[in-house]
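One chain, chain A, appears in both complexes that follow, with chain B as partner in the first and chain C in the second.
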Partner chain A sequence: MKLDFILNGEDVSCQAEAGDRLAYILRERFSLLGAKEDCRSGHCGLCMVSLNGRAVPSCLVPAFRVRGAEVVTIEGFELTDDYADLRDGFRKAGAEPCEFCRGAVFLSAAALLDERPRPEATEILEHLSAVFCRCHDPSALVRGVQTAAELRARRMYFRANR
Partner chain B sequence: MRIDEVIVPATLSEALSALKRNPDAVLCAGGTELFSEGPAGPADRNRTLISLHGIQELRHVSRTDLYVEVGSMTTLAELLALKEGFVPETLRSVVNRIGTFAVRNLATLGGNLSVTDRFRDCFPILACMDALAEYRQGTASRWVNLNRLIGPRGTPEMPRGEILTRIRIPLGGWDLGIAHKLGFPRINSRKSSLFVALARTDKRALSDIRILYACDRALRSREIESSLAGKKIPLLPRDIESAVGAYADYCSHAGIRESSAARFLTLVRRAFNQLNEGVTA
Partner chain C sequence: MPRDRNESLSADIPLSDLRDEGMIRVVTVRAPVCRGRITDIEVPRLPRGYRAIRAEDIPGENRLAILGFDIPILARDRVAYAGEPVLLLAGPDPAVLEDLRSTVRVSVQEEEPVLEWESFSPEQVIQRRSAVLGNPEKAFEAAAEVLEARYRTDSQEHLYPEPQGALAVFDYDKLVIRCATQWPFHVRDCVRSVLGVKPQEVIVRPTPLGIPMEGRLWYPSVLACHAALAAVLCRKPARILLSRDEDFRFTPKKARSLVTLRAGLDPSGTLTVLEAVVVLNTGAYAPLASELLEQACLQITGSLSIPNLRVQGYAVRTNTPPLGAFSGMGAAHSLFAAESLASRIARDREEDPLEWRARHFLRKGSPLLTGERLRDRTTFEEIGSRLKASSDFARKHGSNELIRKRRSASRSEEAPRGIGIAFGYQANGASYAALASGTFTVETTLNKDLSLVISTSAIAGDEGIRSIWRSTAAGILGVPLGRVSISEVDTASVPDSGPSMLSRNISVVNRLIERSCIAIRSRRFRSPLPIASRAVHRPRNPLRWEEDAVRGYPFESLSCCGAVVELELDTWSMEPRILGVWLCVDGGRIASERFARGTLSSSTLAALGQCFRERLPFEEGRVAENGYREYGLLSLAEAPPIEIEFLPWSDTDPLKGIGELPFLCIPAAFASAAAQASDLGGESLPFDGAEYLAGMEAV
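The block that comes next holds the complex of A and B.
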């Protein structure tokens, strides 16, 4: 089947089997390797992408669901100010995730900050439990997200008062 | 899963006509069950699939004084995003323990209730609450109490050839609401089991109690529940022991594994104690 959708802000089109997973399409058809295809059942969260503005495990998204949708991968998210806040926040807090889970952690954290601009530690831990990686130190993750939240709030404030 | 053809209807009537033309088609809601690879994953044969994800009319939530009505394609994340108290708190806590937030962005309530091989997380609590499900086929529709979807052997007997469109959840106040998931909380395991206990009290007496345990099948004894109704609370130790004994007999007649029965009885005892503590407090 032919798939037309918006990928990282650009209109794209590709051929796929109806049962192909989005994670597979991103890696094989577009060489976007940020979404890792690991458990193929949504548990590990390493294939996280944003689908129509919602963070979802791309291994559970079938090709036919992508038609006409807007998909943002970590490669596209890296070009945004929200990503810069998270990168700087995590760096400042000494909580940088490993290369394997970085995309999934940042996309999950961004989804949380969209919902709750000043999240509590329990909310951060609950949200980031969606990403399964051994590099995590829970307290460092909390520090990283909270620092990023501060940077983001400051940026929003300056933008609003410019 | 091998898929021959995918039909993505935009409206419910399109979906109903597609199902009429393809009565053997697999209905796909959020796809989290259908596309997750488990030990007993989906049958590896070519199928026509009707995906309901684009049907906006199945994504509504409304509330009256008596019940909440949830469209079957409402995602679990959308349910959790409702303001506190909109849906019963015990249901909310069950939904909050399903998968991760990202999985809940895809998974739907209708999908959770329609899994055919095993009762999924929302089924036991909604069955205990006497929730109703509306099924549509062609121009006909019918409301079914979820308890009627438990077959004579306790296994799920989900309707085929019909589309689940709405779930109506009664808003009766429960003095005790326990929902306990055994197994890995975040993992969509086919080995997890669920225990639900709901109780209402009136003038320091137990007016209504419902206990359901769903492992590879659903266990619920209305006889034991009615024998407990009317008992003064706090329940006396002998009442608790006799109810636990009755449940032990029920388990042995149902032929469930000893380990499952032992877990069930522990949870029943704990529910009674919690009910007594709640009353004492």
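The block that comes next holds the complex of A and C.
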């Protein structure tokens, strides 16, 4: 089947089999390797992408669901100000997810901040539970997201009052 | 955004993201049964460009040699566990390979698998250790009270962030192996031997490791051999990458353990004698059995000093996938038993567990199993008093005990609570048998432009360790941190620094960096730049196991730790909910407190997972298909508050390893808390709420 969708802000088109999942399409058709195709069952969350503004494990998204959708991977997200807030917030807070889960953690955190600009610790942990990695330090992740939320709020304020 | 084609040779890209032009994939055909003799392998006609690789096709030796054990790269005559690699299929299209794999028929004349291990036969024993301290017989005769207990721990999955695999590519006349390994030189030696080539013809460049939990010590060498065979026989770059399900079912897991303790107490309740039998189920082939067993035997008293001691250890072979190393190595098994026993004695005697332990703590000068006296100062008492204050242990423990005693046989609506404490130590630079028999080397070079390069084959695993190494070197030589770099690991250019494990990266590798930088400092302004220095580590007094005795000094230094775990049990399901964890650590000088806290927190979550969630679904010697989906993980949402305190240190204190400490202390603290809450034993992990519920109903 032919798939037309928006990938990292660009209109794209590709051929896919009915059984293909989004993670596979991203990695094999577009060489976007940020989403790890690890467990293929949605358990680890390392293949997280933003699908129409929601963070979802792309290994669970069937090809037909991608039609007309807007998909943002970590490669596209890295070019945004929201990413810079998260990167700086995590760095400031001393929270450094490993190279394997960083993309998934950042995309999940970004989706949370879109919904809840000032999230509580429990909300952050609940939200980031979708990503599993042995490197996670819960308190550092909470500090990272909350620091990023502050940076983001400050940036929004300056932008609104410029 | 497509990546550079030459990335297959560059560092910092995970194995699953590496591709090379013309790369073929490799899949494994596995043994269908746990034990038997291979009678036939029926391979269908393969399409052009596809190839089957059998044991007979191996040009060199069909064995992976490690610590005196031989493991077949591909099973030829016999299979020892379900899922053992029997045949490889190589070709360009993964989907075609999957179809072909399902059509290969491996016929095996099945034999009765050996799965029982708690009561094992002599033929199953692959390693045995025993040692005696003092006079246990006499001490038992004089004992006023003798008690016995059995402690079990089950297997656990490492769940490193990327399944195991390897890529073999050609770089002119060399074969370059890329894989996430903790031991690059072992990979090189195995591939060299399997291909029958010279060591310099094989180069290993590791890919990012993530948090390996000691699960990538030797198995990457097997997969590297598979990829190398396919590459050489098909004359194309080849990659093997296990699926998560394959990795979960067929790669090594944590060993299972049964520790039987018999303890003798004098009339004042002092533990005067301990007899221990440690049994480790190490599955099929068990290359690290000696290392695990020795650590388990040497730390059998936990944080306690016991003057009379007899320990017997057995590593036992079964027809399950290999079971072996996990963070905490063998010590985690025996510390769980010893510390649980300490809590039980205190409970039986209605004493505060902290006060009872204070009379028994290991101190400088305490006799060790090796006959030597402990040279290091221990800080268990100070750790205990800090934990007592931070967790409010005495009050909570006392009131929980009162509630436990008053609890009626009928179930209360109120969730029962428990709090437990345990202590332990991490043996740094442990000089155990074969892993330490080699020498570890680090080279440091101060260049003309005043940049400093550290060369080591030790794999840092994460940025924290790398930054500790760099700041150590920068501090000694007064070089700006930005001018210190760590060379990419490449077996062609870095010296052999042995296997990378949590305790060795800090206690051995960092000390070698210190030594080599001090040597450069002493030659600075006397010799022209560049100045290079090489530091070599050899165990000072390595262990020597004899019949019923062990000699030598078992470690270079020790890091002490104590843990308190508070929990409550759901009234109806008995599922534990962790209310809080308190850790107090004496890890010498803490180079980066932020990094240390992060490491301890993430290790605490993994250790808690082992206590009540992570249960491997073994059935008839094999892990169930798609067992990964059922594998319980402790999610971030369930993470309890974790309070970590470090004992004060000075700038002259040495750096010590701390990453294993949660695995050594938390299981026993958890079990003690669960025992208080449930009023039952707490003698086996993972804790099974349903089992306890049945027990309570019986009571």
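Assume the second predicted complex is superposed on the first by the 162 of 162 C-alpha atoms of A that agree within 3 Å, B and C clash if a C-alpha of one lies under 4 Å from a C-alpha of the other, contacts with A are read in each partner's own complex, and residues count from 1 in each chain.
Just so we're on the same page, a contact is a pair of C-beta atoms (placed from the backbone, for glycine too) under 8 Å apart; a residue touches a chain by one contact, two chains touch by 3 or more.
Please read all numbers here as calculations on a predicted model, not as lab measurements.
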item	value
Partner chain(s) touched by A:Ala84 [first = chain B, second = chain C, both, neither]	neither
Contacts of A:Met1 with chain B and chain C, given as first, second, both or neither	first
Contacts of A:Glu75 with chain B and chain C, given as first, second, both or neither	second
Partner chain in contact with A:Ala153 - chain B first, chain C second, else both or neither	neither
Partner chain(s) touched by A:Arg67 [first = chain B, second = chain C, both, neither]	first
First (chain B), second (chain C), both or neither touched by A:Ser129	both
Contacts of A:Ser41 with chain B and chain C, given as first, second, both or neither	both
Chain A positions touched by chain B in one structure and by chain C in the second	40-41, 43, 126, 129
Chain A to chain B touching residues, read off their complex	1, 17-19, 21, 40-43, 45, 48, 51, 54-57, 59-62, 64-65, 67, 108, 111, 126-127, 129-130
Chain C residues within the chain A interface of the complex	1-3, 12, 14, 16-17, 158-163, 208, 210-211, 213, 243-244, 462-464, 594, 597-598, 601-602, 605-606, 626, 628-629, 633, 635-639, 642
In the complex, chain A residues that touch chain C	31-33, 36-41, 43-44, 46, 75, 94-96, 98-101, 122, 125-126, 128-129, 132-141
Of all residues in chain B, those that touch chain A in their complex	1-3, 5-6, 8, 28, 31-32, 35-38, 49, 51, 53, 77, 99-103, 105-106, 186-188
